[in-house]
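Presented below are the structures under discussion, each in the form of C-alpha cells.
There are two complexes below, and they share chain A, which is joined by chain B in the first and by chain C in the second.
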Partner chain A sequence: MPVGSVPPKYKVTIDMDLCMLCERCIENCPYGTFRREGSKIQIISRACTGCHRCIAMCPRDAISLEEKPVDYRSHPVWSREAREAIYTQAQSGKIILTGMGNTLDVPQIFDRLLLDACQVTNPSIDPLREPIELRTYIGKKPRKIEIKKTSEGDTDLVTELAPNLKCETPIMIGHMSYGAISLNAQLSMARGASEVGTFMGTGEGGLHKSLYPYQKNMIVQIASGRFGVDIDYLERGAAIEIKIGQGAKPGIGGHLPGEKVDEEVSKTRMIPLYSDAISPAPHHDIYSIEDLSQLVRSLKEATEWKKPVFVKIAAVHNVAAIAAGIARSSADAVVIDGFRGGTGSAPRVFRDHVGIPIEAAIAAVDAKLNEQGIRNEVSVIASGGIRDSADVTKAIALGADSVYIGTAALVSLGCRVCGSCYRGLCPWGIATQREDLTARIDPDIMYKNVSNLIHGWTLEISELMGAAGINSIESLRGNRDRLRGYMLDENILSVLDVKTVGADA
Partner chain B sequence: MCGIISVINRKKNPMDGRAVREALSIMNERGNGEGAGYAVYGAFPEFADYYAIHVFYDDLIGPKTAVEEELDKLGTITHDEEIPTFEQPNLKKRHIPWRYFFKPNVSALGTTASEEDILVYLMKKVNTTIPGALIYSTGKNIAIFKAAGWPEEVADFYRIQNYEGYIWLAHNRYPTNTAGWWGGAHPFNLLDWSVVHNGEITSYGTNKRYLESFGYVCTMHTDTEVVAYLTDLLQRQHKLPAELAFKALAPPFWDDIDRMPEKERTFNTALRMTYSPAMMNGPFAIVVANSAGIAGITDRIKLRPLVAAEAGDCLYLSSEEAAIRVMEPSPDRIWMPRAGEPVIGRIQ
Partner chain C sequence: MMEKTRTIDAKGMHYTPLNKEIRAAVKDGITEIILDHINGQRFIGDGLRGEDVRIIINGVPGGDLCMFMSGPTCIVHANAEHAPGNTMDSGTIYIHGTAGDAVAHSMRGGEVYVRDSIGYRGGIHMKEYKDKCPVVVVGEYARAFLGEYMAGGIIIVLGRGKQPPVDERGVGTGIHGGELYIRGEVPDHLLGIGAEKKPFTEADRQKIRPYIEKYCREFGVDEPELFSDEYVHIGPSSARPFAGKYCWE
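Now for the complex of A and B:
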C-alpha cells in the first residue's frame, strides 16, 4: 500500500551566482542527485546521502547541504527514525539494513573519563627531550622467566617466547574485507600501517595478491564463511585472527551482496562470481569453547606455531567470562569489539541494540583476567568507536594492550560517515567495487593520509603520557588510577574501577 | 622530596644507630618533620629464628586482643614486649609500637603454605580487618623504628643508639599523600625485605593490579609498598637474581635493547615483555634491603638522586654525598650510579 513519500533527509542547494556549470557535482555523485538541464543544475535532494563528495569537489563552494529540511510533528516517543523505519518496513517487509556504527544518542563513556597530569610532586616528561616508548608486543607472554647459570657463570634464558607482533604504536587497523571495501582502500591502509610499523586486518575477504608486499604487516582473518582461506593465505599473514563476532552485529555473520562480487573479489574470496557471500552466524565447527580451542591449535599446527592467533568477539553481556575462556585456550590475544563498532552492512536493530560499550567491556575483561592471574599472559585489543588519541589513551588506561581503528582509518581516506556503505556506491571509492569510483583513491598518495593519522595520534599519546609522568606504554596499561570519572554514576564507576573527579589518590 | 641513606657492613660487623641518625638529620632540607624511620638488620640475635612482628596499636584495649587471637591461631608467640620509647618534646605518641617474636604453624590454615605464606596471610588479615592495628614489619632479626617527626626526634624516641646491626636503612620524609600517618613513614617491610623510597610511582595503578593478580593486597595507601611486593614476587617467588629483578623494574629502553648483541637482546626483550606490568615509572630512588644485602636503584631517567660510596667493608647509598660523609668522611670511592643501574652490596 503506498503511503506517499517520506520527507527527504537532506536538502541540497546550489548558489547559482557562484556555480560555473562545470558539472563536477554531476560527475562525482553516483546517486544521481544532480542533472544538467539547460543552463542550470537540477537537484534531486531525495537521492542525496549526505556524503559531501559534491561539496568537497565543487571548485566554487557553491553547494550547501541542510539536514532534515522538513520537520515531522515533534513527539518524544515517536521519533522521526521510529516512524521512518515503519514506513520502510511497511513497504518492504524486510530487515532494515544500515552502514557504519550505532546511531542512537547513547552517552560516550570515553568523553566522561578524564586523564591525569603531573604537577610539582613529580615532573612531567617532555617527549621532545626524553624518550617515550609506545612499542607494544601483541601475543602470549610467559608467567615468569626461567633462567639457568652456565658453568662459566653466565645467566642463560631457558624460557622460549611465543611469537608476538611488534607494533611501534598501540594503534592497529581492524578488519575490513576486500569486497566490503575496495582494493585501493585496503592498499592505502596496508601501506600506511606498514609505514608506521603497525598492523592491519584483512577481514574475511581473503588476501589479494597486490597486498602481498605488505603481508608482514597484515593479520589474516578466518570468519565463519572461511572465504579466501587456504594454507598460502595463513602463511602469508603476520598473525591469524578467528572472528567469532563483531560489535556492530553480535550474533550474526557477515553479508556481502553479490553485486560487489566482481572477478577480483570472487578470486580472492574463492567464491563464484556475483554470488552473495553470506557467512553463517556461528562457525559450524565451533559450538563450544573447547571447539574454539581446537581451531586455535589447528591453525597453529598448520603454521608450525610461528604465528600468533587472535580471537575476536563482540562485547556482549558476558564478555569477561568468554574472554577468560579464550585466554585459557592457546590463543595469543583477545579482540573485543564494542557496540559502537562500524560495519559495511548490518541490520539496524542489531547495530543499535545488541552488545555493550567498549569501555565497560575492556574494564570487565581486564578485571576478570587479572582476577584469574592471567592478564599479562594474553593481549587484549579493543575496538569499536575509537575516534581519537584520547580514546586510545583511555582504552589503554582501562586495560587494553592496543586498539583497532576502523571508521577512523576510513575517514582519513575521505569517508564522511554517511552510512550508506551497504549500497556499494561509495562516492569516496571506499565501500564500493565500481571501477570509476574505486579509481578515486590512489593508494600511492592516500597511504600517507593513513600513516599521517596514526603518526599524529601516536605523537599525541606520547604527549599525554609524558604529561602523566609515564615514559613507557606498559606503565599506562590498566593504570586506572590515572583516570577519573566525570558525571558517571556509581555503578559505571565501579565496573570501570575508576574514581570520581575530585577523589583522593 | 625525601632523603634516604643506607649502609651495609659486608663482613656483618655490627654498627649502632648513632651515625645513621646524624647522616639522616643532615638531610632535613629533604623532609618536613612529618615522618622518619630506620630499619636495622641483625637487631635481635637472641631471637634470630623468630619472625619479629611489629604492630602499631591505636590503643591497648580492643585491637591488641584481636591481633593476639590471630597470632595464637596461626602459631606461637615466644616473646613479646612493648617497643621501648622515650618521650620527646615535639613527638606525640599516637600509637603504641609492640613487637612479637613469632613462630608460624605451617599447617594452621589447612592449605599448602610456607611460613612466609602464613605471615603474608596474617599481615593481610590484620591490616584489612582489625581497625586500630597495623602490622608494619614481619622480618626475622629486623627492627623497624618509624614515626611522624624529624629524623633525630624519631631516633631519640626509640633510642636507636641502643640497637646494633650490619645493615641500616633510613628515610627522611616530606609526605604529600598520607601526611603525618606513622604507617606511611618508611622503611616499609615485608618479611625479609625492607624498602626506602624517594619519589612518586606513576605506574602505581598498573603495578598494583599486577601484584593483585598474584594475590598481594596493597594496604598502606602508598606507592612504596609495591616496591617491596614486586621485589618479593620477582626474587622470592620467581627466583630471579637481584640484578635481573631490578632490571625488570627499570629496564633499558627498547632503542638500547635493539642495539645489543643477539643473545643479550633476546634476554632483555624476554625479561621486559614478561615483566612489563612490573616496570616502575615516574621519579624514584629506592634502596631495598634483605638479610643478604642492599641494593639501590633509580628510575630509567634518574629523576631522583642516588650516590654510592665504598669504604673498607662498607657500602653506602644515599640521596646526598653529604650524608655519606657524615658517616664516613673519607670513603675509598664515591660515585653517581647511572639511571636504572642497580648498585648492589652483598654480605660476604
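Now for the complex of A and C:
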C-alpha cells in the first residue's frame, strides 16, 4: 500500500559560482547522488547517505549538506525515526537492518564521569621527564609464584607462566572481519597496530594471506560459524578469541550476504563463492559454561597451550556472573562489549535496545571478579563506544585492563559514521568489497592514520595519568577513587562504585 | 627399517601429556599409534596433522575427539563422547559404537563413520569448500536436530535395525547447502524450516555408494539392502534461508 515517499534525509546543494564541473563528486559517489547534465551537476538528494565523500573530495568546497531539510511535524513521542520505521515495516513486513552503533540518544555514562588531577599535595608527574608505564600484559596471571635460589645466588622462577600478550598501550583494535570490511581497511589497521606495538582482531572471516606479515599482532577469532578456522589459522594468531556475543546484537548470530562473498573473501572464509555465510546464534557445541570451558581447552590443546584464549561476550544483564564463569575456565581474558558497540549490520531493534552500557558492565565484572578473588588471574578487555583517550582512561579506572576500539579506528580511515555499512557501497573503501571503492584506501599510507590515532591517545593517557600522579597503568586499573560521578543517580554510582563530585576523598 | 607402530598406555594419563606423546610420535615418523586404556580423555588428536597417520583408540575417548584435525585417520574401538570431528578440516574417524551430541559439528572436510547411533545436532553447520566435502555416515539412527544450518557436505543415516531412523523434529532447520540421505521414511512434519525433500535419483545412489561401502568394509557389514533400498533425500529449499527476513533502514 503506497504511503507516499518519506522526506529525504539530506539535502545536497552545489554553489554553482564555485563549482568548476570537475565531476569529482560524480566519480566519488557510489550512490548516484550526482549526474552531469549539460553545464550543470544535477543532484538527487534522496540518494545521499551523508557520507561526506563528495564534500571531502570537492576541490572548491562548493558542496553543502543539510540534514533533515524537510522535517515532520515535531512531536515529543513520535520521532522521525519511529514514524519512518513504521512506514518501512508497513511496506515490507520485515526486520529492519541498520549499520554502525546505537543511534538512540542514551546518556553516555563516560561523559558523566570526571577524572582527578593533583594539586599541591601528591605532585603530578610530567611524562616528559619521568616514565609513565603503559605497557599492558593481557592474559592469565599466576595466583602465586614459586621461586628457587640457585647455588650462584640467582633466583629462578619455578612457576610456569601462561603466555601473555605484551601490548605497549592499553588500546587494541577489535574484531572486524574481512567481508564486513575490506582487505585494505584490515591491512591498514593491522600495520598501524603493529607499528605501535598493539594488537588487532581478525573477526570471524579468516586471515587473508596478505595479513600474514602482521600475524604476530593479530588475534584470530573463532565464532559460531567457524569460518576460515583451521589449525593453520589458529597457530598463526598471537591469541585466539572465542566470540560468544557482540554488543550491537547480543543473543543473535550474523549473516554475511552472498553478494559480499567474492573470490578472495570466499578463499579466506573457506566457503563457496557468493554463498551466504550464516553464523548461528549460539555455538552449537557450547550450551553451558562447562561446554565453553571445553572449547577454551580444546583450542589450547590444539595449539599446545602456546596461545592465550579470550572469550568475548556482549554486556547483558547478568554479565558479571557470566564473566566469572569464563574466568574460571582456562580462558585468559574476558572481552565485554557494551550496547553502544558498532556493527556492519544488525537489526535496529537489537542494536538500540538490547544489552547494557559498557561502563556499568566493566564495574560489575570487576567487582564480581574481585569478590570471588580471581580478578588478578584474568584480564578484562572493554569495548563498545570508546571514542577518545578519556573513555579509555575512565574504562581502566572502572576496572578494565585494556580496551578494543572499532568505530574509532574506522573513523581514522575516513569513515564518517553514515551508518550505511550494510549496503556494501562504502565510499571510503571500508565496508565494501567493490574494487574501485576498496582501492580508495592505500594501506601503505593509511596505516599511519591508525598508528597516529593510537599514538596520540596513548600520549594523552600518559598525560592524564601523570596529572593524577599515577605512573603505571596497574595503579590506574580499578582505581575508582580517581573518578567522580557528575549528575549520576545514586544507583548508578553504587554500581560503578564511584563517589559523586564534591565528595571527600 | 624404523619402527612404524607405537603403543601408548594412556591409563590415568591427562589429555595434555597424552596429546604431547601423540604429537611426538607423529614427529618421529610413526604411522600407527595405538592408544590403550583410554578412559574419557578429551581432545585426542586436536589440531593434529599428518595424512598417513592412523590412531587406534582402545577405550572411550572424551569430547572433541579430533577437533581441528587435518589429515589423520582415527579408529575408536568403543563409543565416543560428544562432538567427534568438531570443526575438522580433513581426515577420517571410525567409531565402533555410538557417539554423543554434535557429531561433526561445523566440519569442513573429512569423513566420520559411526557404526551405531548418534545424539542430538548431528552434522550441525557442516560446510564444504572446493574439494573439501565432509561426510557423516551413521549406521543406526540419529536424534533430533540432524543437519541443522548445514552449509555443505553429506549426512547419510542407514537406519540399520531402527526404522524410522530419524523420528524427532528439526531435521535440516536452516539448511542452505549440502544434503541428507536417510534410509526409509521421514515424515514431512519432522523437517525444519528451510529443508525440503528432493527426488532420490540414480545419481544420488551412485554418490552415496562409496561411503556406504566404506562403512560396510570398516564395520564388517554385509547388507545388500543398504545399497538397493530407497533413501529420503533432503536438501535446502533455498541457498538463502534468511534472505526474506530483512529490509534495510
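Just so it is clear, the second predicted complex is superposed on the first by the 498 of 505 C-alpha atoms of A that agree within 3 Å, B and C clash if a C-alpha of one lies under 4 Å from a C-alpha of the other, contacts with A are read in each partner's own complex, and residues count from 1 in each chain.
Simple rule for what comes next: a contact is a pair of C-beta atoms (placed from the backbone, for glycine too) under 8 Å apart; a residue touches a chain by one contact, two chains touch by 3 or more.
These figures come from a predicted structure and were not determined experimentally.
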Room on chain A for both chain B and chain C (clash or fit): fit
Touched partner set for A:Ile278, first chain B, second chain C, both or neither: second
Touched partner set for A:Ile147, first chain B, second chain C, both or neither: first
First, second, both or neither for A:Asp481, with chain B first and chain C second: first
Which superposed partner A:Ile231 touches (first chain B, second chain C, both, neither): second
Chain B versus chain C as contact partner of A:Gly456, first or second or both or neither: neither
Which of chain B and chain C A:Ser472 touches, first, second, both or neither: first
Partner chain(s) touched by A:Arg375 [first = chain B, second = chain C, both, neither]: first
Touching partner for A:Trp305 - first (chain B), second (chain C), both, neither: second
Shortest CA-CA distance in Å separating chain B from chain C in the superposed model: 24
Footprint overlap on chain A, comparing chain B with chain C: none
Partner chain C, residues of chain A touching it in the complex: 85, 88-89, 92, 94-99, 224-226, 229-232, 234-235, 255, 257-258, 270-272, 275-276, 278, 280, 284-285, 294-295, 297-298, 301-305, 347-348, 419, 422-423
Chain A partner contacts - residues on chain C that touch it in the complex: 15-16, 19-20, 23, 42-43, 46-47, 49, 63-64, 67-70, 82-83, 86-87, 89, 102, 105-106, 108, 121, 124-125, 127-130, 132, 148-149, 151-152, 174, 176-177, 239-249
Sites on chain A touched by chain B in the complex: 118, 121-123, 125, 130-131, 133, 135, 137, 141-145, 147, 155, 157, 159, 161, 164, 366, 370-376, 468-472, 474-482, 504-505
Touching residues on chain B, where the partner in the complex is chain A: 176-177, 199-200, 202-206, 208-210, 212-215, 237-238, 240-241, 244, 253-255, 266-267, 269-271, 273-277, 279-283, 300-301, 303
